[in-house]
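Both complexes shown next keep chain A, but they swap its partner, so chain B is in the first and chain C is in the second.
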Partner chain A sequence: MLRYIGQRLAAMAITLFLIISISFFVLHAMPGSIVGDDPMIPQEVRKAIEAKYHLDKPLPVQYGYFLKDFLSFEFGTSLKVQPRVPVFNIIAEKLPITLQLNIFSLILTVPLGITFGIIAALKKNTRIDHTISTLTIFFISVPSFVFAAVMQYYMAFKWDLVPILLSTEPTLTWTKFKSMILPILSLSFSGIAGITRYMRAELCDALNSEYMLLAKTKGLSQVQATVKHAIRNSFIPLANIIVPMFLGILGGSMVVENIFSIPGTGSLMVRSINALDHPLSIAVLFFYSLIGLISILLVDLSYGIIDPRIRIGGRK
Partner chain B sequence: MENREKVLQIKDLYITFNTFSGKVHAVRGVNFDLHKGETLAIVGESGSGKSVTNKTIMGILAKNANIEKGEILYNGKDLTKFNDKEFTKIRGSEISMIFQDPMSSLDPVMKIGKQITEAMLVKGNITKEEAKKKAIKLMGAVGIPHPEKRYEQYPFQFSGGMRQRIVIAIALACDPDILICDEPTTALDVTIQAQILDLIKEIQKERQISVIFITHDLGVVANMADRVAVMYAGKIVETGTVDEIFYDPKHPYTWSLLASMPDLDTDATDELLVIPGTPPNMLYPPKGDAFAPRNRYAMEIDFKEEPPMFRVSDTHYAATWLLHPSAPKIDMPDALKIRIEKQQERQVLQNETN
Partner chain C sequence: MKKFKKLLALMLIIAMTMSILAGCGKKTQDVTKEEEEVEVEKAESTGPKVYRKSGMSTDTLNPHVSDSTSESYVMELIYGNLLDLIYDKESEGLKFIPNHAEALPTTEDGITWVFKLKKDIKWTDGTPIDANSYVWSWKMLLDPELINSGARALFDTIPVVNALEYFKGEVEWEEVGIKALDDYTLEIKLETQMPEIDVLLTFSRGYQATTPVHKELYEAGMKEKVKKEGEEDSKGLKETDYATSLEKTPSSGTYKLTEWVRDQHKVYEKNTGTPVADYYTPDRIEERVISENSTRIQLFEKGELEAVSVTGDDYEKYAEDPRIVFQEANTVWGFYINGKSEKNPILQNKDLRKALFYGINRDAISKGVFKVYASSPYYISTPCMVGDWKEGLKYRDTEKAKAITPEGSGYNPELAKEYFEKAYAANGNKKIQIEIIYFEAQETMKRLSEVAEEEYEKLFGSDKLDITLRAMPPMAAYDTYENGDYDMGIGARGQNTFNAWKSMVVWTSDFPNKTDTMYNKEFDELFKRTTQGDLMNKPEERIEALVRMEEILMDEIPLIPIFQNNNAVMYQDRIKLITGGKYMPEVGFAPYQAEILDQ
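Let's look at the complex of A and B:
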């Protein structure tokens, strides 16, 4: 097991290295310079700034400097978004609100998705199932920012039920929570739909399985057999999508955070890219990738706990 | 045999399935009785309605199935009128079933022990310890070594044959009177097959339960059954004791089945018959005898009118016009006759050496 985790961590390190390398080159391939083309900046100052950030050197040399800093955990300071503040601090400051949103959204997403999925599977090919499945496809297909904009317009602007933008209070109060409702909802819809669809498919499979037939012929009622055998079995593959869903929500929040002007990591990413603030962009990207890889690792490891076939079968 | 107690009576059972292309007539008027403590084998090719008949007895037909008419009498009650709740009461404790594929019929993430005791505990009036004791005893009885240790294991830690033993233990957990075996050895290799068949035989003798054995393997039938029912296109075409079916078959379909099966005496000079054509499409059940188009002894009437069950002896019935008094005398094919003679000779030899 330890060896397996070690292998996975090594693979993760290689993946991260590739991600930051590619993002370094992609970001530096963007047109424009951080110094800008302001004619008021004297030539010497421009030269000095470029020299300070090694921008006067060829790209491979810059990459060398970048790697050297990165490997010593020197992520650098922000250049433009919050000049001279270490990027690590900026992310740490923006993270709580993003996490709050995502956790609330997960709390909403997982139980609702599972419930709808179970209902749809049990009522397969009835009107209820068709309704749920149609809605599911609708909510999967429409991107979250469309919901965000539509809900913002109607629920907040027209009907005045909730605030239009996120409240700026530093702590989680009732007013702040109220202003978080719309972002949470718009982040959750596609997740709920995704889990519903997956749960329905898995449960339908399990309901038609031979072990359900045996469970029934040995004397369990349909309800007992469904709860004890079918649902239990369909939960296992579900772990496969719930953990990465956390990631999906992180990614989706980039746009949604901008719509509701939430000062989270998503909007930070967008701003840093627009401002050509490369150290910050790479740091945020690195952070996203790290969370992603860790969650995938957790999925794989969690299988060892929930699935006895791997838990016991994997032991040598 | 006839005066033994009848535990199950199936009368004129007719089952159809609604499909996109129309109504499939899967079972078209099946009649048979099951006596206490006997093994009835139902043979027939795929799609002849063997499994459907037995799924009806268990009440586990697919949702698109309709019981058009007929009744299944068990303890004076008609099972075709049962709802799922009533079926739940008798499943396991009165009628139980073993399926074809032991690899998929156990819940992969539940411990073996729990799967065996589950139904006992649901049926009530037994404590957890008693259930566990009983399960371990059962596991021993079906030939699982170290049952105490195996009790705590998962299905993936068992081989195919062991899993089928567990499935049998599960089916027996609530002491049923009737055990339906739906091709229990098809998915197993030959040596394991023999072990499982011996096990079922042994259990049947010990517990005096009635067994319905569905198979398309005639060798298994000869080994297991007391009586045989041959099904073709949703109907029973011939029924009789094992000896009657194997040594004195009357229906041309039974002839063809027996003549198409190689046995130990078959050598290069023997002829194996082939049944030409394919079974009829049950979306459009044929008029007359369903086997007529593939039957080289078919007469004009076979295409026009369905033959009734003709009585050969008290236990032996066959549905073929050849048994009608005014039908021409036709004997079974020579190849089959020679084979049966050889088999009988061998039987005699065996009995002598024993």
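Let's look at the complex of A and C:
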């Protein structure tokens, strides 16, 4: 197992290196100048600023500088989005509110998704199942920002039930939580629908399997057989979406954050790319790539925990 | 099937109920609004005045590197400068007033300018500001190792002696034309004479790069970068994180920044003891970062914002609202035409360019697509002033400018067809093909180009003219224009409202960041004479020269001017604008000088 984890970590490091290197070249191939498109900026200033950040050097030379810094874990400071501030400080500053919102969203998403999935599977082909399935498709198809905008218009603006924007209070109070309801709901709908769909499909499959018949023959009731065998087995493919969801709480949703004026991580990537702030773009990419790769590793490892029959990294 | 029908009926009932409830909500709100209006009239001004505004994200408040308009709105509140520019109710115009300076600067020859400073100017933490603080700040601004983008204020906006050379690291600081004659006297020497307005503006208002910086905080945030292998010299190795967070942002202006959560909100409290504080009415300003216009309008409707921009489709809803006032943009948008195109040589034909100039239905774009913009068949926007700025004479209102401006929106189908037929014949009676580049991911820009395509093809005949459209990111589009690899493409040209002559530099032959293809010697000569030469101090001749320059542009047509992006803004009834809704260059509607009634 340890050997397997070690191999995977080594592969992760290579993958990360490739992602970052490709990103470097793609980002530097973008048109425009860090100095901006104001034609009135004198050439002396434009050239001096480009030289300051080595942007006047050939790309391989710039890559050499970058690689040297990268290998010593020196990601540098932001050039435009938060000038002269270390890039990881920028990400760290924006994480708390994103974490807060996404944790609340997860608390809502996972149990509701699993519950609706189980109900739909147990009531397969009944009116309840059809209703849940229809709503599932609806919530998967409609993007979260549409719900965000519609809920903001009706629930906050028209009916005055909750504030239009996220409260500016620094601590989590009731007022602040009230202002977080709409973003939490907007972030949750598609997650709930996704888990419901997976759970229903897997549980339907499990309920029809032969081991369920055997379990019931052994004397277990339908509920006991479902809880002890069917649901547990249904969790194996579910790990594929739930584990990344837990790690995905670190990333925000740009559009939802814009709609509710949330100072989270969601828009950081787009802003840094638009501003040609390459050190920040690469740091954000590195951060999300790392989350992605860890998610995949954890998903693979979780198979063994959920179902002991699956041996990770075992020899033939 | 029956069940499905029942479900559908149920959903329809729910939708209808929601619509009725929404309608009820509106009615209630209207009644509330009427009640509020009555209350506003009765209200007397008591208690602290709070002004709530929307803003955009702020990257930095370091005046030496900041280059965004949204940041300038913050800096003008929290930083002071030698002078301030306000709206003067008496003269109904603009007025420079001394801020950190005792009075407006004095000069005998237009080259050496002297500012006397007040003796009790301080940062909000009590650190004094004197002539030496200004000299140190400008030394940092021009520092050859910091390489600040704002440095151009002292060698490009106004040419301070040796400022550029110091920035390049070619001379010592002692050789630069900036001196503190004593603790409260500043002397600035220019290389050439400059119009008074340019000097006054350079040292006015807190958003200018010339505003002082707090020495201790600036130095505390300074970092020396590690020199890379192969780097020849030490240029650009210093940087500071000054003014990138609340604790690193001091205040020397009318307001103090007391709260700042990046990308979310800011709060400013009035610095009552500062020299120009009495001109500004809000005691507290609260700002929220709101990027969605629909959200801004909702907050405005609920009375949680004092002003909101009304653009596009929203404008149709509020067009008749008496609270609407109009901004005047100092930018003209249009299509660049590549008059030197090798790939598509017919574009070199002046008749074709004139046909496209007169054949564009500007109103269909400015009113049809953008709803609120103004059609502009000219190159110099309406807010640009000429002559003595105190008189506020606008260039477009002069008889000479009116004489060369095409009538109405400049749309003249008959004249356009005449020119087109000549161009068509010059093309050997072959179909003319033109590609228009527009900015991708910007719906209005796409619609603009589609309207232009449709209007041109309808006017000249799709058998004679074929327009194709191509989407490009704005930065890539400008790169393409600079490389000259295009037929036509969307772009804009902004003007300095107080010195329109200076803005003409973009059309000159040797402009380094040239995006157009006009090379005209007479134009270049007039530019030199009006900005550095014999016409600088001859107001009448200078205006005539500007008219001639615009005439040359209208003849060469390096860009087909289409619209000026004037926006509509709506203010709450409780904000009584001191300008009476008139838009003034630099200060806009002067909202912080407005009378604020209690809510």
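Everything that follows uses one rule, which is that the second predicted complex is superposed on the first by the 297 of 316 C-alpha atoms of A that agree within 3 Å, B and C clash if a C-alpha of one lies under 4 Å from a C-alpha of the other, contacts with A are read in each partner's own complex, and residues count from 1 in each chain.
Here, contacts are C-beta pairs under 8 Å (C-beta built on N, C-alpha and C of every residue); 3 or more make two chains touch, one makes a residue touch a chain.
Every value quoted in this text rests on a predicted model; they were computed, and no experiment measured them.
Q: More residues of chain A are touched by which chain, chain B or chain C?
A: The partner with more contacted residues on chain A is C.
Q: Mind working out whether A:Gln152 is in touch with chain B, chain C, both or neither, as first, second, both or neither?
A: After superposition on chain A, A:Gln152 lies in contact with chain C alone.
Q: In the superposed arrangement, which partner chain does A:Leu2 touch: chain B (first), chain C (second), both, or neither?
A: neither
Q: After superposition on the shared chain, which partner residues are touched by A:Leu71: those of chain B (first), chain C (second), both, or neither?
A: In the superposition, A:Leu71 contacts neither chain B nor chain C.
Q: Is A:Arg271 in contact with chain B, with chain C, with both, or with neither (first, second, both, neither)?
A: second
Q: Just which bits of chain A does chain B share with chain C as contact spots?
A: none
Q: Which residues, counting only chain B, touch chain A once they are in their complex?
A: Touching chain A from chain B are residues 58, 60, 84-85, 88, 91-93, 96-97, 99, 101, 104-111, 118-119, 122-123, 153-154, 156-157, 167, 170-171, 173-174.
Q: Within the complex, which stretch of chain A touches chain C?
A: 30-32, 35-46, 48-49, 51-54, 61, 65, 68, 77, 80-85, 93-94, 127, 149, 152-154, 156-159, 164-166, 168, 170, 258-259, 261-263, 267, 271, 275
Q: Would you mind writing out the residues of chain C in touch with chain A in their complex?
A: So the residues of chain C touching chain A come out as 3, 18, 21-22, 25-26, 57, 59-60, 62, 65, 67, 147, 149, 151-152, 155-156, 164, 167-168, 221, 223, 228-230, 235-236, 239-241, 244, 259, 261-265, 288-292, 294-295, 298-299, 301-302, 304, 473-476, 478-479, 505-506, 511-515.
Q: Name, in rising order, each residue of chain A that touches chain B in their complex.
A: For chain A paired with chain B, touching residues are 209-211, 213-222, 224, 228-229, 232-233, 236, 307-309, 312-313.
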